[in-house]
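The same chain A turns up in both complexes below, where it pairs with chain B and then with chain C.
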Partner chain A sequence: MKLQLPPGISAPAFERAMAAFRRVVGDEWVLDSDADRHTYSDPYAPGPEDEWAPAAAVAPASTEEVQAIVRLANEHRIPLWPVSRGKNLGYGGAAPRLPGSVVVDLGRMNRILEVDEQLGYCVIEPGVSFYDLQAYLDDNKIKLWQSVPGNGWGSVVGNALDRGFGYTPYGDHTANICGMEVVLPDGDLIRTGMGAIEGSRSWHVHKYGYGPAWDQLFVQSSYGIVTRVGMWMMPAPESSLLLAMNPPKGEDIGWLVETISQLRLRGVIDQSPFLPCSFGKLSLIAQRADLHDGPGPVPEEKLAEFYEKEKLGFWIVGLRLYGDESVTRARAELIKKAFARHTDMPFHEIPWTAGDPRPIYDPSLAVPTAMPLQMSNWAGGRGGHLSFSPVLPATSKDVLPQFHRSRERYREFGFEYYGSFTVSGRTATNINMIMYNRDDADEVRRARALFDVLTEDAHKAGYGEYRAHLGWMDKVADTFDFNNHALRRLGEKVKDALDPNGILAPGKQGIWPSTYRSHRHG
Partner chain B sequence: MKLQLPPGISAPAFERAMAAFRRVVGDEWVLDSDADRHTYSDPYAPGPEDEWAPAAAVAPASTEEVQAIVRLANEHRIPLWPVSRGKNLGYGGAAPRLPGSVVVDLGRMNRILEVDEQLGYCVIEPGVSFYDLQAYLDDNKIKLWQSVPGNGWGSVVGNALDRGFGYTPYGDHTANICGMEVVLPDGDLIRTGMGAIEGSRSWHVHKYGYGPAWDQLFVQSSYGIVTRVGMWMMPAPESSLLLAMNPPKGEDIGWLVETISQLRLRGVIDQSPFLPCSFGKLSLIAQRADLHDGPGPVPEEKLAEFYEKEKLGFWIVGLRLYGDESVTRARAELIKKAFARHTDMPFHEIPWTAGDPRPIYDPSLAVPTAMPLQMSNWAGGRGGHLSFSPVLPATSKDVLPQFHRSRERYREFGFEYYGSFTVSGRTATNINMIMYNRDDADEVRRARALFDVLTEDAHKAGYGEYRAHLGWMDKVADTFDFNNHALRRLGEKVKDALDPNGILAPGKQGIWPSTYRSHRHG
Partner chain C sequence: MAEPRYALVFSVALALSGLAAAADPAASGGNGEALFAARCGACHFEEGMGSNVLAKRLGPERALLAQRDDLNAEYVRLVVRRGMGMMPFLTRVDVPDAELEAITGWLTRQR
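Here is the complex of A and B:
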């Protein structure tokens, strides 16, 4: 990928900045060849890869090097785009929002600094992947479970910082964050919460500290580079029980969400069950061309044939209980009773006991996997996907119209519907996957148009997204419109106070520093 | 109380500001007589009440009036000190940190705007007390429980904003906050999280919104006046079971904290049990003079006599389970098994079923009470108390030395030891109550000296407080000293950006705006 310079920076000025970075990290860790730029571009880019073009990458090995880079970026006015491991697939990968930014790749900072088995937490740097952490737990026979997302080679820290989720009772990853070390845009270094005490013993056990609590201000944020995080972990359970069922009809999602939400609020279920439609399974084990060789999406009849053959319904339901068998058995009976009010389908019950293998195809048993990435191959060619993810109240009144409306939009734009609902006590997060062939310009165009219209539809209904791909960061921010975007106004006031030169992640989640504000929607 | 003007404000200028406030709220809601000033002073003041003297109070009836007052305060350079209901007893009541501030009393804003029984939340204004909310739940037969602290006439919102806690699974009150409306120091109005969407349906069900999440930045904070909050509430349980025991020895606190912490982490207990020492009970039902008529604290032998008569040990342990009986029974067996490893004392088991009365002396059944306030009468005269509250990791390695050290300090300064530990999964919050007679100058002096030394001891051991009385806000902030108080530096940078005139709660939790920074430690 050809060099695209940061706005207003000349080629010689850029070279001087890269030379300064080299003096900090060494020659080999400033990555500014055409091949390097390609490496740090969005592997799923829905459009030309240079739409969100990195100018280079720099890979520091320590917090001190991060501080030095930030100070130099201020001096040379170079916009930075920090990534933990750069595997934010579906949301832009390692690529920056502002073309010409320099990616700060924290992948070399991959130390596991502490694991406290008794109190259930680890302290890690951003470069630690789910696979790395699992290897450490296994090697040291530590009886803690991590909660894993769909991509095990992603960063544990990075995933939590973008509010990713997993499938265990610790599945709300950002809620597991307890205590950070952060390099601020002026190079100053803070520790949050109780960590603000030199020699603190409670940094990673208590979330709030004294006065305002800052952790969530550095999440989906451009206010600092997070260099260390305490993450709460779950004690390995003695046993587990999976209750599985495949409800047949699309409409079932209404009572499913309400029933699970109520069980969750009553403490009968501890995890936030993930309910994909059956297409989710198909997309992992097949490609469109296996079922259909015409243009457009696989016809409904052919999908129905596959689901029948695989004994699938419309939705795939798996509720997993964790803990002592006496408690999980009692809870299972309560779940069966609640479901029996809506269906006469029995649950398939699959017990698990400590010591049994934990298969990678079931992330609710907390083993890192990369299997879900398979879905990117669905459409053929160089595959990619986008996730459209509004958060709804967990009621059928909210979920059913959202389901029908989105499914209709998928048909309208020529895609197979792939919606899922992750049900917590009070919310149903509705992840809609759009898979496309990057080499099919028409399909990419339709994918983008579908994303736009889904965003507008959800906004009209009163729902907002929890996360967005680079290409929609501003559009989604626009939907947060109360009092003429007052919250964004606050966000940008704080941005300008902390980062007057606007060097850190300009445009992240729609927050622009004054220096680059004209690039909004650009 | 005589008028003490805000720093640098002349009497006529102050009068002009009060006149402007009167035009907003009406004559009767600007409260600036000597009697009014007394009303808004600290009722438990450890020293002369004018040490933290309000100049007046103003009581707006709406968010719009709050905005108008904030704008006028900027114009007239009047420091404001917002309180919800002003019942922050033990931490300063309604009194301001900076003498001469005008208290903004939000008690008239007491609407219950919404209660969602299915999704388990309420939306309330800061003037709503725990008693108000309970009356509303009872009148409307809503099957939700609130979590209540020791003072039912306090504000539900105010308590959560100062990180107070209760005794049910929803006892970490600040964690129940989901979505706020906030007037910023410049009078602008924001809604946080999903509420930043006009017409949002998910404001009070999803905590984070899109981009940085702001709720916790307005907690223990001077960054805005919170005018509306969504609070998560617990579905009324079908049944409950209390397991009670009175372990005999001070040293028992080590294994008690560790055992409860592990049960909590394993999901066997959902609440954070409160473990007071037996003196806590004594202080509610007697006064020092009932047991002892000499100078100094009640001798240990006399305390021991009382405990023996009342069949009390050193600690009072009550673990409460909530939910379906089949599950609570299974959990109770696991608790008994875990305790049996350390003691052969049996639990006293007290079942409760929906419909049974809920006594006010047991806040773990979530009925508002004011009974704990009785302790202020312990020392006689006009009573008061201070709470010294460091947060420790839930290990015996941390808890035992803290217990021994603090108990020794109480003896040294001539007070009966009253420590308690509230045990969550990973923390033991060690609330130490110091009760004194406000009319006994020597006792007040010793109480203050004890607080100072407890703060220093805890800091040396690596623990910080989660909250502090006005008189220690700066001293506690001083203990958060990593990188030369980098977190406070960040806090004050943001403060200056949002509140350039420094009108909002200057000095709150040790964060001073540049305009009043010279008053630190003053």
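Here is the complex of A and C:
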């Protein structure tokens, strides 16, 4: 990938900045060849790879090096884009929002600093992957479980900083954060919460500290580079029980969400169940061309035929209970009773006991897996994937219209519907996956248009997204429009106060520093 | 749900000890096999998505890179740095050049 300079920076000025970075991290860790730039682009880019072009990457090995890079970036006016492992597939990978930014790749900072088995937390650097942490737990026979996302190839910290989620009772990853170390945009270093006490003993056990709490201000944020995080972990359960069923009709999602929500609110279920439609399974085991050789999506009748043959319903329901067997059995009875009010379908019950294998295709058993990435092979070619993810109240009057509306939109734009609902008590997060072949320009165009229209539809209905791909960071921010975008104005006021040169992640989540504000929607 | 099927060559124990190298690069040293497990194993062990996609394209007998005797070093380097189909490219932080050399050396040992 050819070099795209940061806005307003000349080639010699850029070279001077790179030379200064080299003096901090060493020659090897400033990655600025065409080949390197390519590896920091979005692997799933819905369009040309240089739309969100990194100018280079720099890979510090310590917090001190991060501080030095940030100070130099201010001096040389170089926009930075920090990533932990940069595997944010579906949301932009490692690529920056502002073309010409330098990616700060924290992958080399991959120390596991502490795991407290008794109190259930770990303290890690941003480059620790889900696989690294798992290997550490296994090697040291530590009886704690992490919570893993569908893309376990990423990092524990990066995922939590984008408010990622997993499938165990600790699935709300950002909620597991307890205490951070952060390099501010001027190079200063802070510790949040109780960590603000020199020699603190309770940094990673109490979330709020004293006075205003800051952790969430550094999540989906451009206010700092997070260099260390405390993450709460779940004590390894003695046993687990999976209750599975495949309800047949699209409309079933209404009572499913409401029933699960009520069970969740009452503590009968303590994970946030993920309910994908059966297309999710199909997209993992087949490609469009296996079922259909015409243009456009697989016709509904053919999909229905396939589901019938494979004995799949419309939705895949898997409710997993964790803990002592007598308790999970008792909870299972309550769940069955609640479901029996809506269906006479029995649950398929699959018990698990500590020591049994934990298969990689079941992230609710918390083993890192990269297998779900395979879904992006559905369309063929260089597969790509976008996730459209509005947050809804967990009621059928919200969920059903959203389901019908999106499903029709998928058809209208020539895609198979792939919606899912993650029910966490009061909310149902509606992740909709759009898979496209990057080599098919028309399909990419339709994927983008579909994303636009889904965003507009959801906004009209009163919903917004929990997270967004680089290409929609501004459009989604636009939908948070109360009082003439007062929240964004506040975000940008804070941004300018903390980062007057606007060097840190300009445009992240639609917040632009005054220095680059003209790039909004650019 | 079926029991997971693990590769004949990679017992669960080996897969895990290989991955452990990721947390401790010093322990893996120039060991191509351990580095392959740590850097590529997530997708290229049995049931990994790389193996699944390759099984479909090249047939099950060529799905596991660790068992292949027809890979050439230049090809492996190219695929890793440029990506291929569903395989995302890897950066020089993910796999430094020296590690990639050890990995390609091991993957092409049977040629």
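In the analysis below, the second predicted complex is superposed on the first by the 522 of 522 C-alpha atoms of A that agree within 3 Å, B and C clash if a C-alpha of one lies under 4 Å from a C-alpha of the other, contacts with A are read in each partner's own complex, and residues count from 1 in each chain.
The working rule: contacts are C-beta pairs under 8 Å (C-beta built on N, C-alpha and C of every residue); 3 or more make two chains touch, one makes a residue touch a chain.
Model, not experiment: these values are computed from the prediction.
By the touch criterion stated above, A:Thr39 is placed in contact with chain C alone, chain B being left untouched. Residue contacts after overlaying the shared chain place A:Asp138 against chain C, while chain B stays out of touching range.
With both complexes placed on chain A, chain A has more residues touched by B than by the other of chain B and chain C. Look at A:Val453: by the touch rule set out above, it reaches neither chain B nor chain C.
Residue contacts after overlaying the shared chain place A:Leu5 against neither chain B nor chain C.
Looking at the shared chain after the overlay, A:Gly383 reaches chain C, while chain B stays out of its contact range. When the two complexes are overlaid on their common chain A, residue A:Ala13 makes contact with neither chain B nor chain C. By the touch criterion defined above, A:Met345 lies against neither chain B nor chain C after alignment on the C-alpha atoms of chain A. Of all residues in chain B, those touching chain A in their complex are 118-121, 163, 169, 174, 178, 184, 188-192, 194-202, 205-206, 208-221, 223, 232, 234-235, 237, 258, 261-262, 265-268, 270, 322-324, 326-327, 329-331, 333-334, 391-395, 398, 425-427, 459, 461-468, 476-477, 479-483, 486-491, 493-494, 496-498, 508-511.
Only residues 1, 3-4, 12, 16, 19-23, 38, 42-43, 47-49, 52-53, 56, 81-83, 85-86, 88-94, 96 of chain C touch chain A when the two sit together in their complex. Those residues of chain A whose C-beta lies close enough to touch chain C in the complex are 28-29, 31, 35-36, 38-40, 43, 57, 59, 85-87, 89, 93-94, 105, 107-108, 110, 112, 128-129, 131-136, 138-139, 152-153, 287, 350, 357, 359-362, 368-374, 376-377, 381-383.
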